[in-house]
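Both of the next two complexes hold chain A, though its partner changes from chain B to chain C.
Right, the complex of A and B next:
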């Protein structure tokens, strides 16, 4: 499937800074970047700023070596490398979700080497199941909103918040339609294109995104559906990277029917309630997101979620995608693999990195796994 | 029916021509920079031996790290799929296959039909592969093919902690400085390498019916080290363990046209 609108998304991923630079030049507005994706983007948007998702890219890594060792999270290293190399020079602000030790420490380094007018951490609770969690997150959201109010000079109004919620919900609704189309009829959009659109959605102006997504969904929905006879795959991990990995799944006749990735379905799975207290609504969404490695609930809901979703969707194999060297993800691995094994669901663990990864060895594994679970 | 299987490895290209289910000829060449040319050379060599011409072959299947380079092949088969097919042909009883090549090592669990049930593949690292042995043979100034037999002369092994081929080389140099005998160093090298492969075997699940293929299966020192570590007897092909995946690819080619 090759439509003009799909090409716009592909180009946005190719050069993530292009759109935002043009926006800034034309509108003279401010850009607030964020690390993926447990951040209240709606607050940034309601303040009139451009929320820009830092999605990784090809960059020289020599400068970052001075600040973060090679065994630190590859996403965090890559993000800081982009900043050090001037590839994020359009940023006026940065919000880092505190999802692990590395993201917690990164703020200090970033403030030191590339200070920006607005910098804040979104401090998330680990124990998202506790009754106190919601109260805590509402407080944290209020703190960030107050800081954004100060940075803008005027208070973000309820009306502005409501507009942003509506727009983001609409974006997410369209993206969910896309996932649904792909699941029902994988021939309509390839795995790689689907996740390219999700990635692009973090770097395109939200109003424009709505138009582009509406067009894409209507173009794809027109094509007569062929039933999904592909090998059904679930991807579990922190980030989907590199996108080229999906070529191997596409070529091996696989269709991804679910994920728990920060830059995948987990990003758009749920909406913010448009009625009631806006900060409570934001907190509610954050706490009820698909379980991730950053959450640490004694019952470890994630493994149950994996098994349940895989069974419901008739998944034939789960790919556990670990971005080097994500500690929370690695700690979750044992529970996840045990639960999958017990349920008789085959799983493959692969490690990837942000930036230029050599894909040769990954291809051997993914092709072999696809052959194993797909049957001949 | 005549088919060909091409295994384009990191170091060598191996070709098997299969005629009515029997191996008619083998060919091999250095992979080098131009893998497509290397594949053509190896195939021509096998054709000459078999007394055939290219047009006699109904289907060519390619496998191995460079399989995509072989644009003249009719199709490709995954490395794991090719190995499984080859193994089940030569030893139907084998359930765990250890395949150690020049740059990659793999462990496969297969069922009685040769279907892959599970597998493990080494990480981006040379320490459990043939290249590691080759580098160590240079350090010890011993021809590669003598490394294995020499290691069998040693009575004891010394622990090597390095997980990386580069650091392992400096450990070997320390052993040389400590006047450790060459057989003992050779054995330590094989033991260290075997321990990496055994951890992959354990991950997939150890079973008694184990076989080994790939170029390193020609090294008796390594096979013995792995047997000691896992406390099993490893079945080896009677000859040409490095051609088993090419054989598997030729079998996959035959499946395509039958």
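Right, the complex of A and C next:
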């Protein structure tokens, strides 16, 4: 069932550069990479560039040692290693969102070792509760748009922005449908396939993605079958990595019904308003995203969000994924777990690394946790 | 090692800091709100508002210098705060949970003000503390800037200064006093001017004063700039340094080389490093770190000036600006080599150093080295590993 279209997504994740290389060859367009995922991709897309999400991959790590300390987060190390090893040689540009000290400092290093024609940072605000924040984000978006205008040679029009907003909203809407199908009937698509599709959505041309997602959603909806019981799990963290981790949840009869991950539901949870000022709309979306460790949102504090969502969805257990050396996530951990404990929601913390393939111990811990929270 | 002649002002410093901590502890009884604040924050506004600014980073540095950072840290680590987080933050969080307080208890905040130019650890630590102490938290958010100041960032910061002032008015119940701010800014300018004059004497050869002296004498410029006490202190220090110049008293016995050091010192090993460099006739003359407090505010446009100077600090700049800054210091102090400290506690200052080392050597022809350790936690310090990096550096200096 539905294996054909799913296979395309799986292959895109297996070889993230495949689709974009083909696109570049065919269209001759420019590719602007980004680090996950607090980035106004719509602006890049509206300029006619291919926004490419750098999602990690298997790569030799020896070259990166000369540029980044081993105690920097493995996502950033892995990304730079990919660049150093020529695995991102299709990039014409790069946008780094400032979500932590490491991403703040990475641009200078990257510029030095692998300069690209277009390099910029999305300097996210670290407070979002006061009026000054929105004004600033709009200004920052305008600055990035101006730079993209310059890089392209002509101004991005409102019409182009509107088209991109529509396309991205449609992508997100289809991905949300997929999450919904999975939540209603976990047997329709495995956890691993679901998150594979999200990951693939960052490396497939957006127009093509829309067709693939439409097909997938309709095939799955037709074959929905009868809902069956699975252990409901919420995943909290920065990144879901490695994807193989989800095999254990699949095998243990778990269904992920929510997350706050940069490469999960948080990526597609909300849309950009299609009416009104486009930059204001983009700013609005960014400021109201699911809370993450990058900043606390006074009216939607992260730990409260976790508890509230877990309760609403009847979650039986929360898995806290901690990418080793991720500072912001680490500072949130204790208060998050305290809030969950207080609400009587079991939680398991596991440490992961990008590019790490030895999952042996994790499997035992995840399976034991699943058994504990799944048992009556 | 020849015993170094201690500064007379050291005693004054002890008294001043003692009083500062006593004032902090007594503030609550006197009805003065205690505000936590970060080292590179517009503390002038807090002094003008009449609240007591308290520096948890200073608490961390003191714990580190007294070699108890690991003892405090374990209380944070047992809660799941990993040992690779900022050492100051682990001390502060650890002290909150600890039953014993080897350097006295951290002063509890009624409000927390954090500026994130220095790093992203401080805001996360302050968020944690704000939840722990149940006190409001206010972030002065500063986006990183490049070589040129940006109107976007300055006006964002300025807007936030007004938001900060509104919050202070609510907390104190008094309208903000701009005349008082002008006085405070004037005092801050004076203290910064004197402090920088003292730092500049390290350019003399041989010099009466170096980086390790600066580390000892910096507490007032961090915690008390904007007060008369800080001005008085640096006047006294400046006089003493001038006397030393006249009398020919030097920072190290036989200065042959001047070194640039990046960035924060290893507090628990301050003496060890100072002796090591001195033994190689090398004076660590300058670090961007101690030059962080070099403000000169325009009293006619106080808020604009605060916004400009605090966002344009080097800690809030990209890679290229920081490279240039280091080279400017190399030149001004006429250094013979540079030592870059890859500090596990301080990611924003450590990341990029590997490439900076090679670029700096290439551009200046000076020998340079990067070594690994932690500013506060001796569990990340290996004497043999540090020496393995520094000994060849000293050899290079000697042969150049």
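Definition applied: the second predicted complex is superposed on the first by the 365 of 376 C-alpha atoms of A that agree within 3 Å, B and C clash if a C-alpha of one lies under 4 Å from a C-alpha of the other, contacts with A are read in each partner's own complex, and residues count from 1 in each chain.
Heads up, the rule we're going with is that a residue touches a chain if its C-beta (ideal position, glycine included) is under 8 Å from a C-beta of that chain, and two chains touch if they have at least 3 such contacts.
Given the structure is predicted, the values throughout are model-derived calculations rather than measurements.
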Touched chain A residues, chain B compared with chain C: C
Chain B versus chain C as contact partner of A:101, first or second or both or neither: second
Partner chain(s) touched by A:346 [first = chain B, second = chain C, both, neither]: first
Touched partner set for A:187, first chain B, second chain C, both or neither: neither
Which superposed partner A:297 touches (first chain B, second chain C, both, neither): neither
Partner chain in contact with A:360 - chain B first, chain C second, else both or neither: first
Partner chain in contact with A:372 - chain B first, chain C second, else both or neither: first
First (chain B), second (chain C), both or neither touched by A:113: second
Touching both chain B and chain C, residues of chain A: none
Contacting residues of chain C [partner chain A, same complex]: 79-82, 84-86, 89, 116, 119-121, 123-125, 127-128, 131, 139, 141, 143-144, 152, 156, 159-160, 163, 318-320, 322, 342, 344, 347-348, 350-352, 354-355, 359, 372
Contact footprint of chain B on chain A as seen in their complex: 346, 351, 358, 360-361, 364-365, 367-369, 371-372, 375-376
Complex interface listing, chain B residues touching chain A: 65, 78-81, 104, 115-119, 121, 123-124
Residue ranges of chain A touching chain C (in the complex, touch as defined): 66-69, 71-72, 98, 100-102, 104-109, 111-113, 121, 123, 125-127, 130-133, 135-136, 139-140, 143, 293, 296, 325, 327-328, 330-335, 337, 349
